[in-house]
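Shared between the two complexes below is chain A, which pairs with chain B and chain C, respectively.
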Partner chain A sequence: MNQRVVIIALVIILALVPCWSALAVDNSTVTITMLTDKYVEITLEPAEWNIGDVEPNRPYVTSPTWCTVTNEGNCVVNIYIKGEDASWVGGSGYVWTLSSDNTTAVKKYALWYHIAYDSADSYTAITKIDTQMRKTNGDAIQLIGNGDQKQFGLKLLTPLADTSTGHFYGDRQMETHIAISAVIA
Partner chain B sequence: MTRRTKYICLIVALSAIFLPSTALAWSFSVSPVEVKIDNLPPGEEAEFNLTIHNRDDVSHTFILTTHNPGESERRQGRAEFPDNSWVSFPRQVKVQANAEAEVRVKVAIPSQQKWAGKDWEIWLAVAPEEKELLVVNYYIRLLVSTGEEVKGGPNVGLIVGIAAGALLLGCGVYYLRCRTKPKHP
Partner chain C sequence: MSGRIASIVLAIILALIPSLPALAGETSTGTVTITMTTETVLEIELTPASWQIGQVEPNTEYKTDPERTWCTMTNRGNCMLNTYIKGGDAVWTESPSVYKWTLNNSWSNGRQEYVLAYWMYEYSSSYVLIAKDESGGGAEFYSGLGMGDGNEKQFGLKLLTPPSDYTKGGIGYFYGGGEMETTITISGVAA
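And then the complex of A and B:
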């Protein structure tokens, strides 16, 4: 009788071994690493361009050193640029689409940037896709931090005159934004 | 002469004002600049904090979004993050003047074997709600590596262990019954 009890106990223990070993396989450790002593901060000066009244199909250009980007943070950053469609302030539905191919048309405008001291008249298109700012030779704009600066200018080409509906499209205030982004290199 | 006058009127009428919104000024920083999560098992989640420091004298609201960088912009060996909805955080954060705010970010990977052993990268974007023509935007690199083990789903090891245990138990009982069965001459 005693022998039967011992054998049953051994069989149960033997049967439980695979289950315990399956349960014991849980040794994963999630690790989160953060550069907490680093921070990103850039400033743009100026951030406005008051063009005033514009006419159809005309280029408007700032100085090549119009805007200064300063890296006030403590890490090296790459700089990106992205434009968007211009919309009618106070109205709805009337937009100028930002060109993606350097051409303009009715209700389609174009924007470019020029890095200061790059080759003269070398303008790069600003599109709705976030793109790293580069010089004409392909060198990426990188700011090493602690006050490092770069300057750039803008060029705008307005849309062609819109006469299709017979309405006046003058005296409208159009608004757009250009995002200047910084990300650790 | 009449035709010339008509043309000039048309040009003036089509003129528009290309202006940013009302003048604003802001200065802010974000930390950390890069977050690396390692060995995160599918089915589990990890959390961390982002700190937004508003250095301005007035309070500002900041908008948080995600961005999928192109292959050339990602860290080497990192693939595109499969689903931006796996990263959750408050979409808007208001930060008082000259103050900091912490933003809780959660990364949750679905419990599926196909997401095990992956290396991904996604960027978190932080930008002010109020905008001038030029808008500052920061990207935080979020690097996520998943573990090999899947959590929360069916535990294959446990199922196999139980099956093996049950088989051993059955064999043991059968052996005992055979041993105790009286032998007939």
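And then the complex of A and C:
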């Protein structure tokens, strides 16, 4: 048979460009930085613990939230604490040395702090070495910005008795100070 | 067989061969159409890309130096661009979630609210406010930015700090002491 087969033109579109990036928008940025004045200030409320009459070798404890430390400055600060020996107000030659090892003795007393809402009865020794306040898990106490607050309590263990009858020397007012300081983090 | 074979149909689709072979005894034509699209590249270059103002005081205005030609915007892509600008809040880098200055969409600053503006060299007749436009791409900045050097545009910035948050010893302070940081975004869209 006399047939003619027409060759069909084939249109082959070769997509040699696999795809084109539809980059709709390009963003560029300018970063502006400014330095503002720093100011460091903390307040403690209350700032006084009047224990009253004390007995030898006895613990005295505040509430866990007894003292509030407030950041009145504008920086992130770490909080440090240190104690000192207790001295006889109005007298001389009689001092209670602050313990550095959690133990007490004659004329040697001990101090601890407890961070509010930390593990119950978790106390950390306060020594004469300025030390960063931390929770028992090691987290540093930090005040983030103005108005930020943390609370803590104190525990004091009096020295052993001065006399063989189990007493301190009588009618002596002993006074000590705890320094709480803020250092820019 | 008495029949005549007129031709043998050969349809060979060769993707990478640009022409079809000639078929003996018949004339036929096949065409291959090739289409290609060149890549569109959008790229805006900003020089410099950072403005370190240094120490700032409350309620004080700061301008770039040079005032109106501080930053050069160059189209490094391959198509003409329309550009848009928007600002953002300034955050305290010490703790961004604790303290920030909100970018005010008006010319007046306020407590923890600051103001940003730009001046496009040979284009602006006064400073133009930079707004936040959180949901959009920003306000029109410069339209029809041509490609490459020679078509670049220059602009300067102005920033007004908020009033102080509190005062100590007669000195005003911000709650965020240290470093504040903000970003201006300039977007390019193919014109």
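Note that the second predicted complex is superposed on the first by the 144 of 185 C-alpha atoms of A that agree within 3 Å, B and C clash if a C-alpha of one lies under 4 Å from a C-alpha of the other, contacts with A are read in each partner's own complex, and residues count from 1 in each chain.
Everything that follows uses one rule, which is that a residue touches a chain if its C-beta (ideal position, glycine included) is under 8 Å from a C-beta of that chain, and two chains touch if they have at least 3 such contacts.
Quantities reported herein were computed from a predicted structural model and do not represent experimental measurements.
In the superposed model, A:34 makes contact with both chain B and chain C. By the touch criterion stated above, A:54 is placed in contact with chain B alone, chain C being left untouched. Within the superposed three-chain model, A:176 lies in touch with chain B and out of touch with chain C [touch as defined at top]. Contacts of A:73 after superposition on the shared chain: both chain B and chain C are touched. Contacts of A:101 after superposition on the shared chain: neither chain B nor chain C is touched.
In the overlay built on the shared chain, the residue A:146 is in contact with chain C alone; chain B does not reach it. With both complexes placed on chain A, chain A has more residues touched by B than by the other of chain B and chain C.
Common to the chain B and chain C interfaces on chain A are residues 4, 7-8, 11-12, 14-17, 20-23, 25-26, 28-36, 38-39, 41, 73, 75. Put simply, chain A touches chain B in their complex at residues 4, 7-8, 11-12, 14-23, 25-26, 28-36, 38-44, 46-56, 60, 67, 72-73, 75, 80, 86, 89, 130, 132, 156, 158, 161-163, 168-184. Against chain A, in their complex, chain C makes its touches with residues 3-4, 6-11, 13, 15-16, 20, 23, 26, 28-46, 48-57, 62, 71, 73, 77, 81, 90, 92-95, 98-99, 137, 157, 159, 161, 165-166, 168, 171, 173-190.
By the touch criterion stated above, chain A contacts chain C in their complex at residues 1-17, 20-39, 41, 73-76, 144-147, 185. Contact residues of chain B toward chain A in the complex are 10-21, 23-25, 27-41, 44, 46, 48, 53, 55, 67, 73, 123, 125, 127, 131-141, 147, 149, 151, 155, 157-162, 164-166, 168-169, 172-173, 176, 180.
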